[in-house]
Amino acid sequence: MSESAFEPKIVGFLCNWCSYRAADLAGTARMKYEPNIRIIRVMCSGRVDPTFVLKALSLGADGVMLAGCHPGECHYIEQNYKTIRRFKMLKHTLRALGIEEERVRLQWASAGEGALLASAINEMVDQVRELGPLYWPGNWADNEGSQDAIQALPREHAEAMEVPA
Amino acid sequence: MTEKVGVYICHCGTNIAGPVDVEEVARWAKENLDGVVLARDYRFMCSSLGQELIQEDIKNEGLTRVVVAACSPHLHEKTFRTACSKIGLNPYLTQMASIREQVSWVTEDRAAATHKAKMMVAGAVRRVQLQEELQPTEVPVNPNTLVVGGGIAGIQAALELADAGHKVFMVEREPSIGGHMAQFDKTFPTLDCAACILTPKMSDVGLHENIELLSYAEVDSLSGFVGNFDVRVRKKARYIDEDACTGCGICIEKCPKKVVDEVFEAGLGYRKAVYRPFPQAIPKFPVIDRDTCIYFERGTCKACEKFCPTEAIDFEQTDTYLDLNVGNVIMATGYDLFDCGKIPQYGYGRLANVFTSLEFERLCNAAGPTEGHILLRDGVTEPQSVGIIHCVGSRDKQHHAYCSAVCCMSALKFGHLVMEKTGAEVYSFYIDMRPLHKNYEEFYDRLLQEGMHFIRGRVAEVTDAARLPGEDGKLIIQAEDTLIGKQRRIPVDMVILLGALQPRFDAKETGLKFGVSAGLDGWFTERHPKLDPVATMTDGVFIAGTCQGPKDIPDSVAQGAAAAARVQGMISKGTVLIEPIVATIEEARCSGCRICNTLCPFNAIEYLEDKAVSYINPALCKGCGTCVAACPAQAISGAHFTNDQIFAEMEGLLYDVIGSNGATVKSPQPALEPA
Amino acid sequence: MSDGGAPTPEKGKLALYWAASCGGCEIAVLGIDDKVLKVAEAFDIVLWPCVMDGKVRDIEKMPDKSIDLCLFNGAIRTSEQEYMAQLLRRKSKVLVAFGSCAAEGCIPALANMNTREEIFQTAYHDTPSTDNPDGVRPQIETEVPEGTLHLPLFYDTVKTLGQSVEVDYYLPGCPPEPDRIWDALVAILTGQLPAPGSVIGATTTVCDTCPRTRNEKKIKEFKRTWEIIPDPDTCLLEQGVVCCGIATRAGCGALCPTVGSPCIGCYGPNEGVVDFGARMMTALASVIDSQDPDEIDRIIQEGIPDPIGSFYRFGLANSLLRRKALAHNGDGRVAEPA
Amino acid sequence: MSRSLGNKDDAFLNEVIEATPGGEALVTCLQCGTCGGSCPSGPDMDHTPRQLFQMINAGMRQEVLQSNAPWYCVTCYYCMTRCPKQIPITDLMYTLKRMAVRAKLYDDSDAPDWSSSFIGFVESYGRSFEFGLATRYHLTHSPLRKVGVGPMGLEMIVKDRMPLRPERIKGIDQLRTILDTAKSLEGV
Amino acid sequence: MRYGYYPGCSLTGTARPYEVSTKAIAGPLGLTFEEVEDWNCCGATEYMSLNKTAAYALVARNLALAAGEDKPKDLVAPCSLCYLNLRKTNHYMAKYKSLGKMTNQALAAGGLHYTPGSLNVRHLIDVIVNDVGYEALGARVTRPLTGLRVAPYYGCLLVRPDLNGGSFDDTEYPTHLDRLMETLGAEVVDFPLKTHCCGGHMTQISAETAYELIRRLLHNAAEYRADLLVTLCPMCQFNLDAYQTQVNRHLGTDFHLPILYFTQMIGLAMGMEPKALAIGQEIVSAASVLRKIGTAVEVEEAPQTRRKRDDKSLPMPRIREG
């Protein structure tokens, strides 16, 4: 494969009140940004379970963006502070698993910050493109030659191990 | 999966159909996505014909799920939900894909746009099949309303409701209602006397049979939900028996202790330790200020008690608590004035004759400390020249980035009053003049004609360090006159600082108490900046006046009335539907670990000691899903945003990575692109 | 379980197997005490390498589905284990992933934080006790004068039984508690079973059976067990100790927290949970008592120095990400279209 | 979102922003005049800082770089501290000085020459040298004024406050290497 | 208390009295200064006018030399201009990543590296009022400066720019020097121009501009009947002291205001000999005003706090703390 052909696939979780509206605004303002992000709407960034991020990566996404209201501006008063904590905890774990910093990003974008969101998406796509594919399932897809080795066993049993009566 | 999904791709004229090959998206969805029984593209899905198209298909083809790929759900989700429910399909069985805002308007390459649209449709199709029927719950609305704050916005709201025949509880922190407006002398641009137009409304509130006025009181706690709030109000001890007091004022007269009045007189005048902020105060009962009263300080005095003709003084009084039940809450908690001392170069607090706008209002007010004479801090000398500085703390990233909206007009009003009362020269230093409303520009024109000087330039500093002839003994205002491009020094006798309007010092705490969020600048956040300006994210809690942002009296009154109208609507309807997008705890799975207990800012989660499990009150839950994401036992599920629904959407969005069967495939997307 | 007088139904066939695991599960089976006799009443044991002699080729020769119940413990870390899993799957009517290793990888799967190469390097070179001057490494095939010798292939990534073959039921625990084993056996024998693929066990978590008092939680600092002497009556987590009881399936009777030791999660996640670690991460993060990003960072970095060990001690193989990134990941990837 | 689309004038603006740490704030200038009002040498400037910013916005390169304003900057930082938009005005003044010198557009040479005399000593000795600086600079620039301040200089020497010999640091070669590298990195 | 010490060029020349008095009081106050080895000029206000990156690299060399495991974390500069340049470079290198990177690339050419933020750059007065403290200082006063009317003059660069709230005192109306002088027993005038500009390098390139700025300061201090100005910056001291005669001649004024360093004042109050503090090296002699010290001077009556019956004056605003 040629590296230039790689287009990252990024899953975005955007809160309904700020970031999703920022995406609406980016659209209304016709701000062009990279098509690599695919957005899931959640009511609050506080809904984003670390499982969602892990799931996206395990499915083969190359990056995940979480976006929500700025701290102190949450429509649910203070839930995005929980997002900060979970995000930091998750990153702590992802770091241990060898996943690069740039692949999972927390971005604040208020409803008025379409441009900010668009540029954050562009920046992230650039960074992940630079890193190359993650393709997490490839980490275990093969287990190098396991099929051959398994098939060798019954053959061996049949041949070598059978003691003539 | 046995669901029958109908997919509709909207052209939105050429908005979508231009950058996205909509026919191709529809064809692809029909051919590739499990569960899709039909996929159509149509010019305008939101038109009545478009909606009928869906309804026909539900009827004729037996669709059980509907996906509309069009604009943002914020625009038309409601439209399509309603269309489906009209024909008998539960509205929560629809899903939108925002292929206009997120695809056609933001993507340059047509192939990439078409591909992204397909993936988004795949996500919606996967998700919609797992969506469940939901029913909003209906609860009755208590017709009583709590109004917090007795400034002009709160007064307006209370009177509107009371006049319509509904019971209102008004809670006011200070001993009297009236708010900032009661401190003002005149109002712009009409120059009406503020008291003349405000006090009749205040006494209406005081006398209204439907209004129960709780002054010198604060809301202690609020719980419950729209239609049914429980409020606990703390009535601070007045040390005056309200039933016995006639409001004659002898206690005030006899009180030997005089202190600076930091609130009503803005620190510019004095009051007694037992006081009524101003003669027309509503209610009429005075308050004994425990912190300054000689009796409370030293244990002797009681002059007020000796002279009170009705034995209304009660030094033994304590704070009392009142429990109320209301259906709705209107918050009109107002603003604080910016602390002008935070900009030391303007000399406030150091240079005697630098005043704040609120101090100046009191100076001008016939009922104020100088009986309406505009005098310097010595209390004797009339100024011969006055400088007015705009934007003190406003439009300044170091303090408040926003414009305080009222200062330009205040400056004009002050200029007029100074010239009228003293004949002094008036200089106004502004960045931009913003006389924005009806008859405001005309007022500006009038002041120009009256001879007020306007210098376009933000003041650099105010100093008493004279260095040029004519500066000795004056305050010198130094600024660049930006229209000339030269630095100027204007010596004046008095400087008025138009301090910014800023959120109440305790706004954050108040917001938490009422479940109302605030923006970075600290003002309470409305539900929608344009289309829902007085509602908040908490159903049944409305905001009016300056607690939502800087505004002048007409706008505050309009918001007070608007909030009242919203409440009346709720009362008239009698019941409210509560959004079914809430979280629930499956009791059998809950181990009562109590992780979730502190997570809900709306106090929807309670711990049931007897069952040792946690419980979510659906009426209080706002559906944010934070607890759902937190539950370590995964005992909490969030309706309409379940894990499975979100996983399904994710799998659809990554269709090009994982293929149709959900298992990750190694060859990402070759078959997907049109050749 | 038939009583003496009734006619004895035809005995079922039972197999027990041991893959990548410590052997504790084998002992746990014996933990059911005299009830093991009842097991013997109900079943003929056709394979139990730990206890009795047996030959794989005998199993290979049995007709498919001729074993009624197979209790398989241990994770899959070699080709031989995977072969045995496939074989026993084919021959068994009911295959049970017995114990944490088979169910979710357990301690052996912590090896997924390393590669085969790193493990061999440690085991055959780096450890001080290793004396291996020739640098010998295990080979799959070795030619000797007598012919070719074979060793199973050692995998890079440890798998759970469920990731290798279809599993009917899971019995978690490290090891499973004897009472739960017995409950499961009864359920199997009486046919009172949940849907295939599910866990035989509770649907709530350890807190449910923990005697400690629980309150609202706000945590300012996570503590290691040696850092405090916990109050005997209060929830350990509230005292800052990372206790996995909140997320761990009930079944053990809260043995560890009862005696003052935090739950480490051996019973795996609750029903329906896809990633145990995620549940721990999100729950703990949610109750950190700070809104200051730097302080939050500090609390996490200092309090949880080893997130994998804390959150994935038993479930790494069964987690969504399964292992640490391989340096050579991407080998199997196919070019993306332009 | 590039700001420069379709505006030919922005080249100069962008150049100024690029050369100034935090310079992006320049585009948010309110034209309020706090800078010009606060400036101790404001009355001597041909354009106040605020005007220069508007001229930069208008792309008036020649006029801006010929302005005396940056050279009258006393670096008191009043403007920068008071600016309601937190524009790094003092840093922008430095930028304009550098650009003016490089473009050879500022014709009153006193100020730039004072700077370069100063820098000359720093680059030769690693330290400034007041006596040398005073004599060299004043002899070339304002011999008359030198006479005026002469007695003061003498008094400084008498009061032991003006060493007559410069001190050279040990690592002067290292310093020069660092400075040369910095200059080449900046493309000077 | 150990500190890294960056004297700067002025302290080896025009500001020798500052250096001498700083060294004189350091020991008794328990301050140990370790001079940065082979430090170079900070570039003053000049280097930046011609080269940006080189100007930061020039300063950063000093930071790199001052930083190190075994070296004190606090770097003290008595000169406000040096203090500003060191502080600003420290701050900007961290805040503007590309600047930080380029500066370090330049340093690398000289075999050096500096991690921004690894040092705390502090002004001498910060150390004295915050680390030594008013109380400890007050306890050492043996010859209170009673009767001396002092105008505390801060100048610009001690408090400005703010650098994200990193300023040592208020940017417009600092008070630490005021309080310090009060601690020494002096009578402090509320000097309105305390943070105004002394003219900076304008004395060199546009004397008229500078003379006017100097005149303003002297005029205002004289208006307030100050006996002398106390300063903490060599540039301020030099401009006000050395150019005072020029200003008088040029503008027809007649100022005679001695300009002393705060360190000299501390030394005096601690009972040190004027000569040991290099007093006498100032151009405008302080000899006559210093005679006041120790002489009994009538203390002005405290202003009436009680409000007179016929007093119509309005209360002054209450100033909120912080």
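Which chain is which? They are A, B, C, D and E, in the order written, and residues in each are numbered from 1.
The rule is short, and it goes like this: a residue touches a chain if its C-beta (ideal position, glycine included) is under 8 Å from a C-beta of that chain, and two chains touch if they have at least 3 such contacts.
Computed from a prediction, not measured in an experiment: that's the story for all the values here.
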Notebook entry, point to check: Can you tell me the least number of steps between subunit C and subunit E, where a step is a move to a chain it touches?
Noted result: 2
Notebook entry, point to check: Which chains, if any, touch subunit D and subunit E both?
Noted result: B
Note to self: Give me the two chains with the most inter-chain contact pairs.
What the structure shows: D-E
Notebook entry, point to check: Just how far, in Å, is the C-alpha centre of subunit B from the one of subunit A?
Noted result: 36
Check: When the C-alpha atoms of subunit B and subunit C are each averaged to a single point, how far apart are the two points in Å?
Finding: 53
Checklist line | Separation of subunit A from subunit C, taking each centre as the mean of its C-alpha atoms, in whole Å | finding: 27
Next item on the list: Calculate how many whole Å lie between the centre of subunit B and the centre of subunit D, each centre taken as the average of the chain's C-alpha atoms.
Entry: 47
Check: Among the residues of subunit B, which ones contact at least 2 other chains?
Finding: 345, 461, 599, 626, 629-630, 643, 666, 668
Note to self: Where in subunit D do residues touch at least two different other chains?
What the structure shows: 78
Checklist line | Two or more partner chains touched - positions in subunit E | finding: 172
Notebook entry, point to check: Across the complex, what residues on subunit D touch subunit B?
Noted result: 30-39, 42-43, 47-48, 50-51, 78, 82, 84-86
Notebook entry, point to check: Any idea which subunit E residues touch subunit D in the complex?
Noted result: 9, 12-17, 38-41, 43-54, 56-58, 61, 92, 95-96, 99, 102-103, 105-112, 156-157, 160-162, 171-172, 196-197, 199-202, 204-207, 209, 213, 242-243, 245-246, 280-283
Notebook entry, point to check: In the complex formed with subunit B, which residues of subunit E make contact?
Noted result: 170, 172-173, 190, 192-193, 215-216, 219-220, 223, 311-320
Next item on the list: Name, in rising order, each residue of subunit C that touches subunit B in their complex.
Entry: 203-208, 214-218, 235, 237, 245-247, 250, 269-274, 279-280, 282-283, 286-287, 332-334, 336-337
Check: Which subunit A residues qualify as touching subunit C in the complex?
Finding: 1-2, 5-7, 49-51, 54-55, 57-58, 71, 78, 81-82, 84-86, 88-90, 92-93, 96-99, 132-133, 135-136, 138-146, 149-150, 152-154, 156-158, 160-162
